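Both complexes below contain subunit A, partnered by subunit B and then by subunit C.
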Partner chain A sequence: MNTDVQIAIVGSAGDGTIAAGDILRRAMAEIGYRVISFDLYPAEIRGFGKCIARLRVSDEQAYSLKQKSDILVSLDDSHAIPHVGEAREWGAVIYETNSVNPLPEGAHLSAHIDPGQVPYNVPIRELAEKSTGAARSRNIVVVGYIIGLMRLPLEPALRALTGKFKGKGEIAQKNEAALRAGYEEGLRWFRLDDIEFGPPPAQERGAHLEMINGNAAIVRGALDAGIDTFFGYPITPATSIMERLASEMPKRGARLVQTEDEIAAISATLGAGFAGARAATATSGPGLSLMAEMLGFGVIAEVPSVVFVSQRGGPSTGMPTKHEQSDLNMAVFGGHGDAPRIVIAPTNVEGCYRCAGRAFEMAEAYQTPVIVLLDLYLSNRYETVPFPDRPPFEADTNRYADTRGGAAGFQRYVLTADGVSPRSTPGQPGGMHVATGLEHNELGRPNDQPDMHLAQSRKRHEKLKAALRHPGFEPAKRFGDTGAVDVGLVAWGSSFGECLEAMYLAQEEGIRCAALKVLMISPFPVEMATSFLADCKEVLVPEVNYQGQFAGILQMQVPRAVTRMTRIPCAPMRVEEILDEIRRLAGRVVEPQAA
Partner chain B sequence: MGEIRPVYLEDKLKEVEDSGRLDYRSKALPTWCPGCGYFSIVEAVATALCELGIPNENAVMVSGIGCSSRFPFFINTYGIHTLHGRALPSALGVKTANPALTVVAVGGDGDGFAIGGGHVPHAARRNLDITYLLFDNGIYGLTKGQTSPTSAIGFKTPTSPYANPDRPLNPLLMLLSYGASWVGQSYAGDPEHLRSMVRQALEHRGFSYLHILSPCVTFDKTHRTYVNLGMQVHPLPATHDPADKLAAMGEAMKNEQAPAVGLYYREQRPTLDDALDALVEKAGGEKRGLRGGRGRKLR
Partner chain C sequence: MSDARHHVIIGSGVAGNQAAETLRARDPDSRITMVTVSRLPFFNRYDLPRVFRGERDWRRFVIYPAEYYRRNRIALRRATKVVAVDSINQTLTLQHKETIHFDTLLVASGARSYLPEELSEYRPLLLGFGAFHEAVQVAETLPKRGHVIMLGGDTIGLDLARTLIELRHRVTLLADDYTFWPHEVSEADRPRYIAALRNMGFEVIEAKERGSLAAVSQGAPGLPARRLVFKDGSELHGDVVMPFFGNVPILDFMIGSGVDIERGLLVRPDLRTTHENIYAAGDNCQIWTDSVRRYCFYHGWKNVRAMGELAARNITGANEAWTPQHDESLRLTADGKILSPFWEYQ
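On to the complex of A and B.
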């Protein structure tokens, strides 16, 4: 029996919608299922905006949410009515039986349920009031109800509840009563046959499963790689990286300083990198723009450093709480001069962990700034991640110079076969040198002769190619059908999840289809992309920006015609839309979609 | 002025060689114009490092961009010659990563108070344990003589051909109010005084700010010349108490007429390192000892 159930809870700000989703996904993860979850909430902290918590529970880690939910819960009918269609045929729609006030005709959800959907009208408010004396715990009642309805164990949800309301004695007690009341009610109702929760999958050996979002995974990766210093400035949606590090780093003797701006953050990060620390900062698009000049310094002075960037809608202040993938050009090309750097973009939460750790290894090994490019969707989305019991990262990937007895000046930028010069750090006798933003000779002294500029420029570019073969890191990976295909998708970042989902659906329809996940965008895995594109009759490049920035980079590296699919819905791309494009490119008839 | 004695070149050379301070001079020759005041600052820093017995490899000179910011190339220690205005935040990174290092940030008036002005208050208020040497010549030398934030009203330059209308900043007063824990002023034309002040600044535990007045002999023939400065510069009153911040501010205000050199203000208070260590203790973490670029792994 396979488990693949998606639950959506729709409510209004203040209903506890997101909290309910959080308890539910934590409970599911503790039972041992794999979870992916992304919440939608209004930009404003207060008010009556729409909130939706969505979670998909399955045996194998899913890469994206499904188009249709198996269970839809309404905590506020006015917001839920437009979403009723999200519940699939024979899916459950759970809603309040008794509204507080008499509602005008059509304002109650019961009037909007489609034929085929299964209505569950539950006295949610009454259960909350009876068990806790107030209606506030409606959200918790619903969590208990779903668990009871699905005949799942209650204990994991109880523990998730305890964790969430730790140290809030009376509230915790009331919530527990509400959870139990909902659970008992759920047990009394008939269970739907085609919403199935099978036994949870076996746990991987040498790893433990945790529910975590992208930003938290970045933090975990940074800590497991032994981060020494962090300098940052708050900015949505990257802030929680700094907040989490602020509480975790001191526990490990590491240091974090909130700087006066992003320019100071990157300057200090490079200062610490120069001093030999594993140093990082985190920001979003506007901060990355401010950091551009200093990143160029990191490139020419060859200073190891890591910049985590979580993209949001741009340009300028843009849309701070909306998803977009429009800072790719800035990350890869931002700043003046020929300034090559490493840019990697994880595609899921587990990838955030791995990319964060590997970024520190790469920064040291190739002596360069490394940008890890996330986006709002990935930063905030929760997934179950099997964390290895022993961190898979190397603690030190520096190539140190032996400077003992060096009477002549130390050649910090000596020209080597692979372009990486052995380095020294302050405190090391005989290794004194100046790291400068001026073009320089092997000694690091200012030098603007054409031969030297060419030699040093070549060194800075060529040394990065080794990153494409970095141990434990795949710069690109192919999924789907092997050999020649009708449609090949090339995708990066969080969009890859939706592409993969669309690809599987297209395969089910008999379309020969494959997808290339590109993790390293600079330097670009040209060979892998070339051989993949050679297999594809049509190439589709979906991404969430207006210009098709990734498609542009792809075509610059591997010249050939591709279909750019650019959408800016201020949210993740829809699987259905990608599927339609695949159908079109494969020559299938596509029904026009209702707006 | 005391008794005047002849100085013989051989004696002077021998004295310099014996002192060991040449070890702190790099083999690169300064790129400054003959007569520039900055030469005496190189000499003062080399002497201070030597006298304090700081090993070459344990000191880092951090600078931004400008004539003065070429400084790290002329001292035989580690150095970073960063971007215009970014010496202080870069120094923050170096010192935070490895508190055992002696970190000296250097830069000019444009670097520190125009483009980099936003960083100065924060380095000062955090009491970052570094020394900041500000070479003030009241002009942009490297771009050939434009006005700077400390240029006098009425100064004619290529970017202010009808005379500069802007008031100059009062850096000493600013640093005092920012919370710098050591504030002093010296003059490049008085090497003895400069050496002593640089040494005191390096010895101070906390953020020490030394403002060094220096003429630009190439682009300023009218205002901040050796002749003018020589007439204006005078010592702080012997009665000045460096523990008295209000008095220090009063003296700093008088700078707008004629600059007084000496130690304006000094206090002892916890540094940023202390604060970060306290944080580690509070969180129940273990101090890493010499974090020094993961210093434990260095040979």
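On to the complex of A and C.
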């Protein structure tokens, strides 16, 4: 890559750290760079707690953040000091040169800058005060300073700023003044770092680039797929799915209801799905637990429905603002009885868009609940996504029964070769049937005979296999070296980005390496996984949960030894850690990491 | 807190780094903190003319890699300005209001280029040569075969001029009392040395012959970027004007410290100041020299480095006196050129 620059801004809640990162990433995207960005913030609203905005700017879309940042900015030294080591050798460390209060030795960031890092001691507060009359715009000064220092155009940042403070006249003016002051200051400085911004890549034809986060991409995918009903109950980190839909759906004549809890949300979603609507809900782990029983109902009644689940740290209320991938077992197996469902897990923001749209297609085509499993990292991280100019989703994938002139006794659950029974919707003449949570016969009437239970169970399981061949959807995809490899990584969800980065780094070190991205976890792409694993001398399965839930599913489907790499750092897995494990498995010497 | 002594060094030039190296060798368990206003680690300032040969990567000028400081546990505080030293409480205050306690302090803050008062109003039109970025700025401003006007002409300037002439730039030296600084050239010898400069390719104008400099201004459109007007009404045009009037010690932060200062910090032959835990080394100190019965400056990197080492040795228990390491006399070579011992850094 000609351009691959990561910027980290560290501050305290209330410093505008996240806002600064937001303006920067939007400016970089408008310039034409590809961006991935993820913010860390405390559960508290304001006044204390560390905030970090990180964005990686490149000319090819990256799917993970780098271990080291090229530019580290401190808006609050007490929070930034532990992160100074994150700036790479010859990278830039930007910090406030003055202090309001006397400091004991070591309390200023300058005391912690490594001799290999390049200090930029900027009078941030002074610039903010001179340009706006107050220190509040320090974050915007920093944005301007970075753009000036890196000799990037100012206009995209001005537009991003205008967009952010739209309708806030005086505030917008002051922030523009702060941005310009920072920019002029940045231009003035002699650069000692070796950070390079090359020309941005050319735009793809037939697509337009947008800066968007995972939850927003889910919403875009749902809207482009024609969602017309949504029932939900707010829960971090899925809430913004409902919030965004609430502002968009009414414009399209679609309906959204905030229900009293998650049980009502899934029940109403299933009701709408039964009625023929493209229906969805969104939740996180605790909500998914509450939905478990009704999901089983969706399975047995064969009702199309989509559930977006964004995982957070668990169990129980757990850690609402921390990242984890520990709801996989719940998504795949949660609930009683043999209740197979489709579970797909996007690995990046563009994947969120595609999975959201395809989920509606699959729900209808295979008449089942479909869970789209995200995680906090994916929900909240921003990427530049090349959206197609025309939505790629089918508007209706239902298989409806022709019930005109039909005799009494519509066989809603008739046994077919592929397991999918033509459906009807309420009110359809000749399509009347019983939909119940009880095991049933082909008419839908309660039936607990072993033969029927076996037949219907087999039907519910077998029909899902077709999802592995769903048009426009690759359940798994191989990356890296072809043929036999020393180490093969198998990964799912957002962790795949870190795995891919680690794989590329391992390849640069001469290790034959490949990675299998598994998008569809239920039903599992057994053939593809079997073929991939056969090529691998060693198999590494990194994931952000304690148990190694995905590795368990993999081994259940493809029995063979794998190395489980489970970490629960309350944050995305570190690329360096995965790389070290690849090196170890490849027989390379791994230097012990400094504490 | 450990009981290890905290040695603080102000300045990260030749003297400061030599002192740090010696301190680490002689006091392995100590804390060493080096504070400097520079954003760069220690680099070879004498080698800056290489910038004009196209070398713009400052890393290639760095003497010690970052790893050196890590390995030797030398805390390098760059971009950090000391604003006050309290010799009683043994603390120094940094510009950002941080206070650092020291057990011993070595002031090796060096010197900055001197600009005579009468030229200060023209500062925006002059280009300096004290820092790496200034050298780059000159190199980027100067056109191919450009014309450099040097004011004064101390040994740093003359050294740069040698490179510029070799690279086929035109150098006009406006000679005055600062020419050849810090060498002392007698009135009787001066014509021979000026002739030697001309022999080396310099165009030399004795400032006094034109009644000295009256003004520096922007050049008119179509003419070189700078215009010098002399009191006799004559003019001189060039692309770049650079002042080289020697150096003055950087000691603002020592005012009020309780340590004696004349032009530089006054130190005994063991480089100790009037405070027993504060030492000085380099261009910013005047050393008591028995032979002439006065406090003297000593220049050149060999002297400065030796001062850094001596100060560190005495800080760590030695009791040794300063002896100059360098013959400071300006020489004339057999082929009629001048040669300063301060240029022998390569």
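Convention: the second predicted complex is superposed on the first by the 591 of 595 C-alpha atoms of A that agree within 3 Å, B and C clash if a C-alpha of one lies under 4 Å from a C-alpha of the other, contacts with A are read in each partner's own complex, and residues count from 1 in each chain.
FYI, contacts are C-beta pairs under 8 Å (C-beta built on N, C-alpha and C of every residue); 3 or more make two chains touch, one makes a residue touch a chain.
Computed from a predicted model, the values in this text were never measured in an experiment.
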Subunit C versus subunit B on the shared subunit A, clash or fit after superposition = fit
Figure out whether A:E293 sits in contact with subunit B (first) or subunit C (second), or with both, or with neither.
-> first
With the two structures laid over each other on chain A, which partner does A:R445 touch: subunit B (first), subunit C (second), both, or neither?
-> first
Between subunit B and subunit C, as viewed from the CA centre of subunit A after superposition, lies an angle in degrees, nearest 10, of 150
Between subunit B (first) and subunit C (second), which does A:V257 come into contact with in this model arrangement: first, second, both, or neither?
-> first
Given the touch rule stated above, what does A:T425 touch, subunit B (first), subunit C (second), both, or neither?
-> first
Spot which of subunit B and subunit C makes contact with more residues of subunit A, would you?
-> B
Taking every C-alpha pair between subunit B and subunit C in the superposed model, the minimum, in Å, is 53
Show which residues of subunit A both subunit B and subunit C reach, each in its own complex.
-> none
Flag every residue of subunit A that touches subunit B in the complex, lowest number first.
-> 226, 228-229, 231, 247, 250-255, 257, 259-261, 263-265, 267-279, 293-294, 297, 301, 396, 400, 402, 404, 409, 425-438, 445-446
Note: in the complex, subunit A contacts subunit C through residues 89-90, 96-99, 101-108, 110-111, 113-116, 118-121, 190, 192, 194
Which of the residues in subunit B end up touching subunit A in this complex?
-> 27-28, 55-62, 65, 72-73, 76-83, 86, 88-98, 100-101, 118-119, 121-122, 126, 272, 276, 279-280, 282-288, 290-295, 297-299
Any idea which subunit C residues touch subunit A in the complex?
-> 39-41, 58-59, 65-70, 75-80, 94-101, 132-133, 136
